[in-house]
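Note that chain A is present in both complexes that follow, paired respectively with chain B and with chain C.
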Partner chain A sequence: MAQVTKEEVDVVVVGLGWAGSLMSIELAMAGLKVRALERGGDRGYEEFAYPKPADEYAYAVRNKVMATPAEAAVTVRYNMSETALPTRKWGAFAPGTGVGGSGLHWTAVLIRPTPTDLKLKTYADQAYKPGILQEDMRIMDFPFTWDEIEPYYTKFEHICGQSGKTGNLRGKIMEGGDPFEGPRSEPFPLPALEDTLNSSMFADVAKKMGYHPFPNPSACVSRAWTNPYGNQIAPCNYCGYCSKYPCLNYSKASPQTAVMDALKRMENFSYEVHANVLKVVLHDDKKTAKGVIYMDAQGNECFQPAKIVVLSSFQFCNVRLMLLSGIGKPYNPITEEGVVGRNYAFLSNGGSTLFFKDKNFNPFATAGATGQMINDISPGNYDGPGLGFIGGAKIHSSQATGTPISTALPKGTPSWGTGWKEGMEDWYGHSMKISITTTCQSYRDIYLDLDPNYKDEYGMPLLRMTFDWKQNELKLQQYLKGIVGNITKELNPDSYSESFLPMDAHFDLTKYVSTHNVGGAVMGDNPKTSALNKYLQSWDVHNVFVPGGNAFPQNFQANPTDTIGAITLMAAQAIKDHYLKNPGPLVQV
Partner chain B sequence: MNLKRFFIANVVLMGTGFMAHAQADDAQLIKQGEYISRLGDCGACHTVAGKPAFSGGLAIKSDLGTIYSTNITPDKDHGIGGYNEQQFADAVRKGVLPDGTRLYPAMPYPDYAKINDEDMHALYTYFMQGVKPSAEEPSKTDLSFPFNQRWGMRFWNWAFTSDKPFKPIEGASAEVNRGAYLVEGLGHCGSCHTPRGLGMNEKALDSSDAKFLAGGSLNGWEVPSLRGVAHWNEQEIVDYLGKGRNDKAAVGGEMTSVVENSTGYMTDADLKAIAAYVKYLGGNPPVPAANVQAASTTEAKLTTAKNLSVGERLYLDNCGACHFVTGKGAPGVFPQLDQATIVNAQDPTGLIHTILAGAQQPSTARAPSTLAMPGFAARLSDDDVAQLSTFIRQGWSNKAPSVTADQVSKVRKTLEK
Partner chain C sequence: MLLQKKTTRRKFLLGSVMALPVSAVIMKGFTAAQAAEMAAPELSDYKPVFFSADEWQFIMAAADRLIPAGGKGKAPGALETNVPVFIDQQMHGEFGEEIYMQGPFNVHAPATMGYQLPYRPQQIYKIGIRLANSWCQQNHQKAFHELSEKDKDDALTQLQKNGIKFADMGEESLLASQFFSELLSDTKHGYLADPIYGGNKGMKAWIAIGFPGARASYTEWVKQHNIPYPLGPVSLAGARA
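Entry: the complex of A and B
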């Protein structure tokens, strides 16, 4: 194994998904020499040209564009007294890999959290009497104001060509949009996607019941779009292959469609694929990093010196790299000292499936983000304090795919053979869903650390996830079951089935929920409880920046990508405006 | 300081000042020369991916045999490092090398004859000082008899080229004349867009002849006329050349490389000048007029999707996702099929080739996205493609002859494996 030292660059970017590509282009546009290292391969259009991705078994069942468990396994356990076991097959979540990362195959719901979601701790302290919330809950505020972050949401949404309906324009509530959204400085760049039958039915009933439905904000764009980098995104044709599939039509904003072509033209940017970063190398005083060590495709151990290190791989990979590199003190759930690993959170979903003999939903004509949702049951918008829990959910009827293997069939239909085929013939296209995507709070004993037993192929410990459902989240599920149940009854289907977590539920690693894993290296105002400051800069090693879902102190009901984009752009701006002139901590405490 | 030292110091200062000035001038000239080389698209033929810039070796297949482009880096032994400026200019304008060897007109010297001295000087300076010498030795061109008798080119040149410098069009604006200079000379647009005569010569070399830019044929593709480009406005011409796409069309075939290496680098002013010139030429390219009634009939049939012909069904299954039931595509992203030149060309080769092999938009500074259309060769049979092309050529406002499976088969055989 050869040891190679590469030419020094200004910035090394670890992971070339949304966060890594945005950091790369923003810093390269500022004239810095940027080099990105990506664990997986490159992916050109020829690999997912029409009709190749229309293969449900390859992509949705066999996870064709996800990291393999061998590349990215974690170990999982319910609580601190158990021995964690490694994931050998993806279940509840499935992180991406390769250029584009998870941004290549997301469902593309591009929605902001509410201002309350970002200041949840402040809201909880004001709205809840002491003793109502669980004692072990550790929710925190995001360390910026709405006005500080809003321009970066707007910027990212223009990069993506966000399509939808404006609900709150500079404080003015707009008909048909989400009245609970924070004030926007500009309207949505593009109009909403077309509604499908199920979403119109849901919206009508929800409205009649006093809720406030609005079209899912989407990064599958409704019109041809040229973004601020000059990249083009094509109008969506509702082909039905979004989540877990790369877009065959350039219609979904992804690092590929929105960033990479402009970025690749820049002479001061370069990238290497199959470059697996093992460690950030620190100077002796541990105050700054001098570069990263990675294994290249030929198996050489390479040292890439850099003045700035950006860790922009998937949430738990970022946390693991920090732990492996000694950046920030590891979290100890007993003493609650240390910052890296704390405040891990996942989320839950659920809902009901409604069957109508006489309705034809044409589920194959859809985009991942087509649908209507309500945000009425999100923190601050209903009587959470009276019900004794905090959190909420977006409740939506989406028609994310019409692919056959995932088609819902009524209870009692055989799951294989002739009976299944007959069931498919009778029921394909005759069902719709009402779904919930919930918040998930953070807790003292829900965290990430290095596994003491299991190692990867390089002999480095795997990341260990200690996670299970808490009463707060289960109470929320039960409350949502009632609301979804009422909407379901109002829609009056021929039959329906439900899926909600019971009060004694444990986390089920085997069934897909989403890949919205967050926390573990969170942003905050206090270096004792957060690993990063509001510019995603490590409190301890000031030339290391860690953009990603890892920075969320808990999970909100909105999908994470809009926020990952916004905080990454805000951090890039701070590096350009302040850090380059005066390298050092950007926030003093 | 005595007088002598003062004097020397001043002379030295003046000297360095002068040199710095000269270097700045050279740097400016090199930059200008690089731009001229972009205008002339020298890289398209003399640069091969993976090899040093301008080190040659591109195989240009012609009916006479394969011609390999030469090394034009300033390497003294393998390139053009030994050329003085006059020898360089003669090679570019007349196709004659210092040793008397005559170039084949794959090198567009009949067009380059119009390059003015100022641009030639910049180009020479760039090739001598701005390009890295490379000792790369490209394959030798070795045509069969009688085409290997290069001396014969003397007569060809006598018959078909003109050594007259560029002549401005009287009465036309400075912008139109800038466009004329670019199109007729450096841009060598005529090499593809002007019909060829018996000697494979361009039938006309400037705007004084109506055959100039009137369209031709290249590798079986029908190359459209550039006279007037009646269905596009000036901005659409500017976008097409600068971005490789406009609200109606996207580049395909040989033109992709032209945009990627040449026109994509042109300044806005030069692109506008070209558009102004093309519009000034006027002409009537054979593109069908919009037929609202026919277009809505096709759209309605595809939307209802009942009783479809094979061609219509194949269109919905393979093309509709991007070009839509309207055949209008999406502005700046997916080309319009209704009234498109390539669709309505008398010879369907270009359309068939695009369906079989796909196409990819070039990445340019103005439009970096490399949007691609997949090739359908592996998915559709000759008969499928024939039925599909026939539908496209006769759907909406389009009116072009049907396509046969045999025509498709011929094009399929030319595809690179």
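Entry: the complex of A and C
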């Protein structure tokens, strides 16, 4: 039993990133008493005043605002027969912690998936003859229609101050935007960010080659913006410290700037930091939760009773909490029974680095989302069925950072000595990238469960990822290599180097890809194959809601934050409109 | 304060200079960059807080070969920019405490599984320096720092390529290349990080490559394509160069 029992609240929110802060403010605005528990520390914007974040070593090398592996490691293995090993240092991904979570240090590319991305299974069944796709693939549709979710994308984009160019306004294709985007009910709230030299060069060449470039949709706002909660977000000054850094200019939408400022002023909202939730406590019938147990900063074990439990921590933390609490049946990859842990997916990146002796890219003059991209190679927009794989990528030339430790050097430059030093002097500021951010499908034997060997500081099992690349994703990489190669040649650099996964590649944990880990507690129409219904409500424990990237049944080429915001807002609306009046399952099957 | 050293006449003068506003500094005949450089300790006066005297000689000699002085450009070397101070200061602090260190450890896992060593970086340095020096003694009858430049470069190359077999010297977990890789990345970090961490003295590495440091405001510059940015760097502490 817990030592300290807190006063009951209407809603306890576990984790104060985007999902937790949005749930908190929406439910607090409905008059509910909301209490948020955050594992990490408080992160107010006062600690990010200029010039503190302008520190590559602290933020990009030492991961100052990420969770440490010591407190948040997972274990990883390539297949079911191996012993998984812990992520002792971060490499391929690095989740956030503290107030703001991963929404504090994100690059702020705020882009929607396409309608086809959200109905990928339907598309696959229509477009691919049986036998073309891998037998072990387990892709699913998102359980809502475009018309249902679109207003929530719009709402979240207004909360962030999305900057960009409209491509499809209520069905009308607009010049300069993404012609493949789903119909928007309203145009982008703000105009696009400025283009850097690399963005302009990429866009010109892509257009010439028949592609459809458009500015990266961004939550680094291009103009002053007051959002629907009354928070003010200042125009971006292209400071160059964005991805992995908190914003020193109050310009990148984060839970802090976009939500918390207003939320903290509400009397029916409170939050506690260094409050590490260990478990959701269920009633004996396992159909409802009665609250959560957490360790507070003083080391007390506390019980927080609540009528509604929102698990809104990072994707794999949410899945782990469900497994540790007995919410939903754990997935078994042999029998394919159980739902918690199934459909985990990550994603891959890669691309080409182009070196130009005579071009000054001034890489430090940039916002995280600065860039231009094409969405031509996304599901349904090219001949995937003829090529024998499904998926796609956004292909982009972005300039998310220009700090010196991350300088790219041409092939053949020595890694140390006079040659390295001269290479730095010759090439810093003279390279640009063409990058891919790919889809990643879900598979029968790619999943999450609890590790039998490694434990956290409280003696609880770490989460285990069983993940490796499948042929579908590697074929996609090889196809993209050809396309990026053609664009590269058209740009005609002095030299270039390429990075794409070969057909025998294994998942490499040492190189940063992104922190777009998704799945494991997915939303769906069928309780046999999904842990959550379309309102992110546990099928099994109806007063537990689990917003986050965990709900994606596979990964699309678009960055996940826009969708995490949209599905969270849709779930919050359903709780307000329906659940409060009639607590119980919101979807009947 | 770790970066303090015994008060020399120069330090005394500098202390009074640094307490003045920047305009006064320039009136006294120093540029801000000169003042920033002088504020950092002289490498020869610096007393390491983490490394022993022998280890310090190795670090100084290795840093000097990893990023040598001279060459065809204007970029300084690791010793001119106090890189060893950076490494010593990092090892003395909480560096490596973020690593998940619960066992069991599988040091034979594929490299793609990432860091699986049973050591924190501090131990990697202690073991690596001892074994590297011992290899130099066996092969050259000298410690690493006493070798010729060519032999130092050869020893570093052997470390990088696992030509020095730590396993044959009784070390079961650490590979020479893993030690080299820590040493090289910390050396580069010390060269390119803000001077607040003890290296990049006078922001000379930034000046050489054209990085403006913590200026962090380029509203006008983002639109000016293919024009070199004209201003020198500023540091987190507000020094300009």
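To be clear about the criterion, the second predicted complex is superposed on the first by the 584 of 589 C-alpha atoms of A that agree within 3 Å, B and C clash if a C-alpha of one lies under 4 Å from a C-alpha of the other, contacts with A are read in each partner's own complex, and residues count from 1 in each chain.
Here is the rule we go by: a residue touches a chain if its C-beta (ideal position, glycine included) is under 8 Å from a C-beta of that chain, and two chains touch if they have at least 3 such contacts.
Bear in mind that the values here come from a model prediction, so they are computed numbers and not experimental data.
Measured by the number of chain A residues touched, the leading partner among chain B and chain C is C.
In the superposed model, A:70 makes contact with chain C only, not with chain B. Contacts of A:417 after superposition: chain C is touched, whereas chain B is not reached. Within the superposed three-chain model, A:50 lies in touch with chain B and with chain C [touch as defined at top].
Contact with both chain B and chain C is seen for A:239 once the two complexes are overlaid on the shared chain. In the superposition on chain A, A:428 makes contact with chain C only, not with chain B. In the superposition on chain A, contact of A:261 is made with chain B only, not with chain C.
Once the two complexes are laid over each other on the shared chain, residue contacts for A:231 go to chain B alone; chain C is not touched. Residues 50-51, 235, 237, 239, 248-249 of chain A touch chain B in one complex and chain C in the other. Residue ranges on chain C touching chain A, taken from their complex, read 65-68, 70-75, 77, 97-102, 104, 106, 109-117, 153, 156, 160, 184, 187-189, 192-194, 196-197, 205-206, 208-219, 221-229, 234, 236, 238. Residue ranges of chain A in contact with chain B, taken from their complex: 45-46, 49-51, 223-224, 226, 229-235, 237, 239, 248-250, 257, 261-262, 264-265. Those residues of chain A that touch chain C in the shared complex are 50-52, 54-57, 61-63, 68-70, 73, 76, 83, 85-89, 91, 194, 196-197, 200, 235, 237-241, 248-249, 359-360, 362, 364-366, 370, 402-405, 407, 415-418, 420-422, 424-426, 428-429, 453-455, 506-510. Across the complex, chain B meets chain A through its residues 318, 320-322, 324, 330-334, 358, 360, 363, 365-372, 374, 379.
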